[in-house]
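Here is the structure we will look at, set down as structure tokens.
Chains here go by letter, A, B, C, D and E, matching the order in which they are written, and residues are numbered from 1 within each.
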């Protein structure tokens, strides 16, 4: 009587949307993180100010507000985004603001003496950043980036509130079609956890790869 | 559709009502998270592999899945096994459990950051395990935890709009209800954003102060 | 002949696959001042840490004043020591660390009085009186109310010595107590230790790279290499006339690096 | 007549409709296909207007009109009942689906509710309704204070909350409540229908103000459909009365007090 | 008489209210080997860091080969140096740090070739050939592919020296390059520096607490105290027969702490 396989495929369709949002949101977040993170420590006050404004704004207002804004208010300013675009935009900008602080922190965590070695070797600012500081900072960023990506994955569930058919949204559909609450929610909880584990696992593998031969750098 | 100040003043009392519930939920949720986090941190240090392992897995699971879905679960599934919670209580439990897994990490890091030399000096001074914890380790571990904990409470504050999904009339839900009644989204959603931004900025300033006051112990 | 205060009997200690101490035996008489020298990684620190029970042994026996350190009698047989036994044994031993390990959240005076008050129940007043005497002895009584962060390295180390002395241990362990200090500050700490060596009859074990000081301070010098005692003897014998090839090379290198013997 | 909006829909090949997932008005089948009386009618009419497809997105009632204004949907076909304030905000078509209001309560109707006013009188009673829906407004107008009107996100949640005793009554149109109860198959529930003193409402397809030309074209085809009897064939299997919809007009419903 | 390669003229440097260098003047001739000694905090490191442009001066002038370091001519008057001017001037100077400051994410060879490749555009092959020669000179060619974390302190410091030499500077600055090393490892680094001093005609400035090495290495010794040069002269004069009270006290303390002179 209840067509569970049909409902499962509905949830899997939602899972595809969730994965899409997570991947595209992460890419945008990564981009913003480096732009704003480097902006925060740029030698020009204007850049620092812009980056700070972006970071404080997106960390200060809730993701929900940003989502509703992107979805319901931006159209009045002439930008009509599809729900997916609105979701990616809000998630990416929001998580990007948090990750920007990670980028900044990681860069600052590289000791002053590395900058001094660069000066003593007559490297330019950019050469120093690109060849010496960033490669070391990246390793420090990775674990937190992993956490940020998981936060983003979890945040995708709220796009169901702007009627984007992600996993949580589809679970709600299944629930109203079947009258069963436990099964759809238990299913998506397991799926979310599965995705989170994949992210954590991939990040750890990446970190190990990058840290190869570098033992003791962070100790 | 343009901005209507008169409408803003008209809905202001309703919005303030929502702010109150939002703040109440944050305070209660934070209090619960402090306790839950401590419980998790202690259980994870348990000598029994079974206890520490199971706790670890549960905490990972809670941290790896969206709060929204957990709230649905607590509110709609638990009644099936006879646990019927009022919306605000369910919301506070959801927030407290979810953020408890984060505060547990703060506790762990705080304790791990006390240098090994301190444990050894305590032993060389022949202090008992109890004395070592209360006189040497915790007094050094707790102050740096305070800003980290506060950070999570601010994050929790910004996630309270999720409670609207389980019928708690917090700020976001009030805004939606206003929007539903008057078919205007711009003012209520912008107001929600402004409320969050203002409260967040104030808390960020308070946080900087906390960091300054408790952030590091001079050695 | 008197009983040895420390009797180490064939102890072995490994970290993972790496054997740090290899069937090491050693007897120390009451009041003796011992200097432990040897190359980096030879196990000098490890032996002190084992005596302070900061590290467990894999096999062998250690007796302090005739009593087993890591074992205790129970129902007629020896079993692994429990925390109560260790606490009792630790009363006899004090240790000073390379990096001081002062408690950063307490003032100098509290650092020194904490252990007597908590472990012996000494009343605050008595503990503070004795602490002031000890701080006087190390030349730090003027800084009794200072926090550790406000002190120089040499000052911190002198406070750490006073703290270890506050429990009146019979045995004092010093692990490279000057090697984290600026050269100019080394002397003030060594002066305190000279005074301690000449004025008390405590048994002292000292790990150091300051050969000159080891020479003046010690009754007996032990040269460690790869977890074994390769050579031992009076300071003059070891420094002027080492018998073992390995000792000679080590001393030659150290001298070349500008350290006086 | 120049109808730019319709031309645009024709050229893109589909119209975006907002629905609510509230059977039998609107529903999503296990295969993800959109059905329900309102979208079914809209689909046929749009096909006749030369727009082959409708693309539905599920939305909260409260979000439908703002979404329409923000250009997120071209039309709302969701059982959004006509009321004067709404008529001021959007351009409605002629009536499509008509229904009275109902209350879902525990078996035996323990508190004896017959109308929204009964709920207002009982100071301990709570009522659940969709946020921004007709029922919420009716309850508030009947004098139930805001804090006793619980905004419930969807029908299934409302049913669950009545079962769990979280709310004393849950209000939706009669057919929606009947559909919920049928699915739940729970003997401990009872439906009070129709709610006394609550009018019979009709919905229509709601267009953005400014899209009146599209609305007029929609009306023309709707009238033809009603005429030919095809309309009844679509809505009656869902339980709706075609006669009710044909006996009144948008004009009347929008000016009713 | 030849031109001085470094001419420091009345420079002053403060950190906040604290004056680290006070109207200091100093001339160094090409090829001269200078040892800077003096108590902790006297400004020795600061003067090297200023020459390496890691720190700016408050007033005064520095000329390298007759050319202003911190100023440049523009439209007929001297203005503050811009990054381009500094980059050009820094080509003449290399520095070795107390804590090596190797790039931990690059192998030894990449550490040495990085700067020539990026700043001079030397092709990889040529840069690697020269790097191998330098690594050979410091006895590290066998470890060209190792990561810094796999090296001992002494080995790291020898790589750091090779890295600084790769840019062929005319002036080399050494700041306590052995004081972070285990005593056993000091000698291998000093040997490299001896070789460097005798085989090249680079100008060298050395800050050290190794009085023995300073004595053998330097043509001239400067004794610093509180940001001024209190005494200077040939090593024999300074170490055997210091004229200033302050120099005498300093040397006495250092000797007492076990350092050979």
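The working rule: a contact is a pair of C-beta atoms (placed from the backbone, for glycine too) under 8 Å apart; a residue touches a chain by one contact, two chains touch by 3 or more.
The chain list, named the UniProt way, goes like this: A, B = Polar amino acid transport system permease protein; C, E = Polar amino acid transport system ATP-binding protein.
These numbers were taken from a predicted model, which means no experiment stands behind them.
Visitor: Counting one step per pair of touching chains, how few steps separate chain B from chain D?
Guide: The fewest steps needed to get from chain B to chain D is 1.
Visitor: When contacts are scored as defined above, which chain pair ends up with more C-beta pairs, A-D or A-E?
Guide: Looking at A-D and A-E side by side, A-E shows more C-beta contacts.
Visitor: Let me check something: if the centre of a chain is the mean of its CA atoms, which chain is farthest from chain E?
Guide: If we average the C-alpha coordinates per chain, D ends up farthest from chain E.
Visitor: CA centre of chain B versus CA centre of chain C: separation in Å?
Guide: Spacing between the chain centres: roughly 47 Å.
Visitor: Distance-wise, how many Å sit between the C-alpha centres of chain A and chain B, to the nearest whole number?
Guide: From the centre of chain A to the centre of chain B is 20 Å.
Visitor: Where the CA atoms of chain D average out and where those of chain E average out, how many Å apart are those spots?
Guide: 83
Visitor: Taking each residue of chain D in turn, which ones touch at least two of the other chains?
Guide: 60, 63, 66, 70, 153, 160
Visitor: Would you mind listing the residues of chain C that make contact with two or more other chains?
Guide: Residues of chain C touching two or more partner chains: there are none.
Visitor: Name the residues of chain A that each touch 2 or more other chains.
Guide: 72-73, 76, 172, 181
Visitor: What's the complete list of touching chain pairs for this entry?
Guide: Taking the chains two at a time, the touching pairs are A-B, A-D, A-E, B-C, B-D, C-E.
Visitor: For the complex, which residues does chain A have touching chain B?
Guide: Residues 56-57, 59-66, 68-69, 72-73, 76, 150, 153-158, 160-161, 168, 171-172, 181-182, 185-186, 188-189, 192-193, 196-197, 200 of chain A touch chain B in their complex.
Visitor: Can you check the complex and tell me which residues of chain B touch chain D?
Guide: Residue positions touching the partner: 1, 76, 79, 84, 86-87, 165, 167, 169, 173, 176-177, 179-181, 183-185.
Visitor: Quick check: in the complex, which residue numbers of chain B touch chain C?
Guide: That would be residues 115, 117-118, 120-121, 123-129, 131, 135-136, 139-140, 217-219 of chain B.
Visitor: Where on chain D is chain B touching in the complex?
Guide: Per the touch definition, chain D meets chain B at residues 60-63, 65-66, 69-70, 85-86, 89, 128, 131-132, 136-137, 147, 150-153, 157, 160-161, 163-166.
Visitor: Within their complex, state which residues of chain D touch chain A.
Guide: So the residues of chain D touching chain A come out as 21, 27-32, 57-60, 63, 66-67, 70-72, 153-156, 159-160, 183-184.
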